[in-house]
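Shared between the two complexes below is chain A, which pairs with chain B and chain C, respectively.
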Partner chain A sequence: MTEIGSSDLGATPAKLPTSVRRQPGVARLWFYLLLLPPVLWLGLLIILPHIQLFILSLKEKVAPRVYTYGLDNYIGFFNEPLYWMTLLRTATISILATALTLVIAFPVAYYIAKMLRGRTKNLIFVLALLPFWVSELVRTLGWIMLLRETGIISNTLLSLGLIPERVELLGNDAAIITGLVYTSMLFMVVPLINSLDSLDDSLIEAAYDLGGKGVAILREIIIPHAMPGIVAGSIVVFMLTLGNIVTPAFLGGKNSIWFTDQIYQKFIVRFNWEQGSAFGFLLLITSSLVVWLGLKLTRQSLAKTIT
Partner chain B sequence: MIPSIPRSSAAKFTYAAYIFVFFVYLFAPLIAVSVFAFNDSQFPSLPWRGFTLDWFLSSAGRTGVGRTGLFFDNGLMSSIGTSTKVAIIVTLISVTVGTTNAFLLERMNFRGRGILYVVMLWPLVIPGVILGVSILQFMSTIANGLEDFFNIRIDFMRPGLPLVIAGQFSFIATIATLIISARLRKFDIELEEAALNLGASHWMAIWTVTLPFLRPSMIGAGIISILMSFENFNTTLMLVGSDAPITIRVFTAMRDGVSPVINALSLVMMFAMATLAIGLMFTGGSKDQGK
Partner chain C sequence: MNDTQIPDLETTDVVKNFGATVAVDQVNFEVKKGAFFSILGPSGCGKTTLMRMIAGFEGPSSGDILIRGSSVIDVPPNRRPVNMVFQHLALFPMMNVAKNIGYGLRRRGISGKEIDRAVDAVLERVGLPGMGPRKIDQLSGGQKQRIAIARCLILEPTLLLLDEPLGALDLKLREQMKIELKQLQAEIGTTFLYITHDQSEALVMSDQVAVMNHGRFEQVATPQELYYRPNTSFVAGFVGDANRWSGKVETVSGDELRLHGQGGVAIVATAVGGISVGMDVEIFVRPESVFISRAEAEIAEFDNKIEGAVDSLLFDGGRSSALISVAGDDRDISVALPQTGQFSNLQAGEKVYLGWQADQTRCFAANNVGS
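Coming up: the complex of A and B.
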């Protein structure tokens, strides 16, 4: 398993502290001690629980305390339009929200990365990040205050005479998307700024000197260069949007169920863990598939994208 | 497109206006939350009925009638306490494991290191809800098994704070590992070797040379852990028992209909989080990560 123990000095990395290099037995002990926490952490909290989740999703109840194994929980999902429509809706709205976040965030990221310099740049950057250290619940509460019938936007429009009476702006898909885009903004802006920061101004100047127009420069130079940031941001935003609970629960209406809410209902309210596990797995697969596709299409690695 | 390229003043103005509108959009919800914490009304909505500090300081509700301010609301205050307890434990474990992981990943060369690194990133791409339910059903299955076969009751594997801590730790540990590893990667190993040559033991060298070097990243990882633990909702929701952390309490309160007390609480939380976040910028601990 390990190369640490081998007493061949040449094979051990030069990085190892001297004492470790001299005592292979001690090094091996150290190695196993250091390996223990991640093995316990990933084994007991990530890998085994997910294997068990998969097994549970295959379990079918035939009588009290009697189970068989099969695909019934998954078949049940595809046979009940309410279930698969919800997942489809959740995924569609998530893609829409991700695209919208990108479109709104890009000019802002570009402005911070390329138009600003020095202290102003740092200040604006920090200012753009600050709202996201606030709990998602608080941010959602803010949108309730703004969008509800007795809220600020409705009242402002009324007093300006733009609408005849108060309007309820909560409880529809537009409200959900507004909230989702807002909540995701940070995760788009930061990778975009990081990738745009490394774009050399002289490239844009050269394109301009050669007669390139704004749109051409954007398409030929800026967007290709920002691609890693666009992919990283979009992947993270999509994932977080798909797995969101709070925003759809409070900003959406009675008919706009999010798929996470179905999972919550199955597990916590109905106590149908077998079906819930199948739902959980379907969400995990949808999410992983999109992440994987995004990485494949743009030839990037997970490690690079996240860190 | 960049300052050195000439543009019409109309284009410049439009761009600047867009940025301004963006920032209005960023701060509008937070300002709305804050303002209604001071409205002298039963509901956090217009019309404005005058300024009051009741939603923070009123203790009238204790006598049965009247308002209960945030600082006299036993339920809310106790869940702040619960969250604090959870955050401290999660942070201590995460930073400790993050540090040992950094040594494992940066100092040890072993087969499977690449795989371990990738697996460590998984918790960040698994939706929080799924982390929650997978841990919930896994621990319950084990607890049921132990109860059935050995007749032992294991309460800490049932929904409750120990599981909440485990759930939050399962992904915060990744973040701590990334931050602390990035810093250790920059450490000049010769410093440690110098200490060894001067007669320090292995432990002494790490304690007096390496760990002080890692300290900024450990503090940075700690602050991020506290923030993430305090604000975590999705994973916590699935694992929570009878003691509700603050996010769960706020969620339930918001479901029952919003009260200005929640606005007051939000304002206090905003200040606490902003203070921590600004503290984080001063430690510079997260800079190494490039995030």
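Coming up: the complex of A and C.
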């Protein structure tokens, strides 16, 4: 009995068709083939241009068509308060807008993920996505219709007699933040719904049963569970906000310049690609730094956010 | 009335409607202090809804729920002296064991040192000392079970609700946890209200069992009574195994009925509830109530006697049984095999004699079958 069994076992691999016994070399070839598209994408579209930009940012023009290498473009940024204060302001408002987006999106996401069921849930979710079928440009123009001096809000307030004369609501930081929050909403709501969906209702009930109240349950159960979604949403929203160009340009005025606008000015208006590249890198460094700090402060990691 | 006479839990005419469906229908029962009370029923019978009403997650459509004599209808779950062990335990994965157990005390605003002491004490009591720093996902199924119970016990609830907490465990662990739970309850003396669809869990652990079906309590009794003296055909069919016949009553004398089963088998049975001549009835006989013998003389004393042949043998260790085919009945009779050895050589096709007493043959009016 055992003899038959063992000889059988020994014979099995030899009987397998050759196609099943895959050569290790073939498997490796497949691995490289599958790796090729992302490597090409990253290499050609992201890494190569960035290397070019980085080299450009270190170039200094000493005479027409004569360049040397140095840190002048970066030093110039720190020597001109307009530049670094714009970046500082852009980062601060972006953080503020991200926080505001989170505060507004969280109840929405919680309502969709936890309070609704079945068809209503899908319907409301789609309704939340619907505005994003329209381009950002058009949506921002919509805000102009609402906020300008002869716009809907100003006119309504006037006709209700709440204000003595028309008000201009455009051209300030509040208008920018409003637009940014509106534009970013989707990118916060979707990851939040995802993470809240996986929260077992019985955990909330158990917390309630054991004596917890609303705020304590939110702090100790719901937010810790939703943390990966909060982090993912905040990173995406912050990056998009910091790098946004349409919304600040349309809704902000002369006194609220966004840093992306500075970069645009350097490249397109001044044709100073060298300093523009330096500014681009400073923006990248700033966003990476803020994200890194945010992760440290919330004791999260990117890996945890993705899984 | 002194303190011991007030039941820990009492419900009066509790009804719960979800739209047109009645999930819980006029349920009245009380649970005495220190009892292990189970609600047993098939899935969808309303037992979970009833428990959620007691915990406070649902409000009854009408009726009242009293804990220690005072109504808790208007008391939210976080202020009821009742704690619940959830079906999937609902341990907080974002906290370690000690934080999980201490959660309720923290919410009560008790100082950290006191909580640590209480957590250590309760961990000791459930047999898991020193497990405080562990993470939830590092625990085995049985350990999680005990942590979930400890998390409730630390709050010293009047009543501990358990919603099929053994459902997720494998068979072996479930058997072990049954005994552990019963012992734990006896030790600490907290009143347990246990919900299950598993009759063995209910019978092994409980002092009292309520059998629930279609939102109503069919019978509330001790496990022994439920098993040996079921009041309704549903209880007779749901609790334990039974041979089941339907038939028409021929004569009635007191509680004793004579009738013919659908295959023509003559049966002497005991009536449960009002039964009169000509009624359609359901008859239940437990496999272990049937005496099996190879000699006709040995079954002479039984009220019901029948001759048959072994159709098949179902070997299951101590719970082995045989299916006996009898003339005139297309369904086999299931008979528990005595484990004394004399039937260890029983063969399929062998001729055997079966006998059982009328008082172990329970007969119910057929109109409440499956109601």
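Definition applied: the second predicted complex is superposed on the first by the 248 of 307 C-alpha atoms of A that agree within 3 Å, B and C clash if a C-alpha of one lies under 4 Å from a C-alpha of the other, contacts with A are read in each partner's own complex, and residues count from 1 in each chain.
To be clear about the criterion, contacts are C-beta pairs under 8 Å (C-beta built on N, C-alpha and C of every residue); 3 or more make two chains touch, one makes a residue touch a chain.
Only a predicted model underlies this, so the values are computations on that prediction, with no experimental measurement involved.
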Chain A residues touched - chain C or chain B, whichever exceeds: B
Contacts of A:E205 with chain B and chain C, given as first, second, both or neither: both
Which of chain B and chain C A:L58 touches, first, second, both or neither: neither
Partner chain(s) touched by A:T150 [first = chain B, second = chain C, both, neither]: first
Which superposed partner A:W41 touches (first chain B, second chain C, both, neither): first
First, second, both or neither for A:A109, with chain B first and chain C second: neither
Contacts of A:P224 with chain B and chain C, given as first, second, both or neither: second
Partner chain in contact with A:M188 - chain B first, chain C second, else both or neither: neither
Partner chain(s) touched by A:K213 [first = chain B, second = chain C, both, neither]: second
Overlap of the chain B and chain C footprints on chain A, listed as residue numbers: 205, 208
Residues of chain B defined as touching chain A within the complex: 1-5, 15, 18-19, 22-23, 25-33, 36, 43-47, 96-97, 100-101, 103-104, 106-112, 116-131, 133-139, 141, 166-167, 169-170, 173, 178, 182, 189, 192-193, 196-197, 201-202, 205, 227, 230-231, 233-234, 237-238, 247, 250-251, 254-255, 258, 262-263, 266, 269-270, 273-274, 276-277, 281, 289-291
Touch list for chain C against partner chain A, complex: 55-57, 76-79, 82-84, 86-88, 90, 92-95, 103-104, 107-108, 151-152, 155
Chain A residues within the chain C interface of the complex: 200, 202-203, 205-213, 216, 220-221, 224-225
In the complex, chain A residues that touch chain B: 1-4, 12-13, 15-20, 30-31, 34-35, 37-38, 41-42, 45-50, 52-53, 56, 104, 107-108, 111, 114-115, 117, 126-131, 133-146, 148, 150-152, 155, 182, 185, 190, 194, 201, 204-205, 208, 214, 217-218, 222, 239, 242-246, 249-250, 260, 263-264, 267-268, 273, 276-277, 280, 283-284, 287-288, 291, 302-303, 306-307
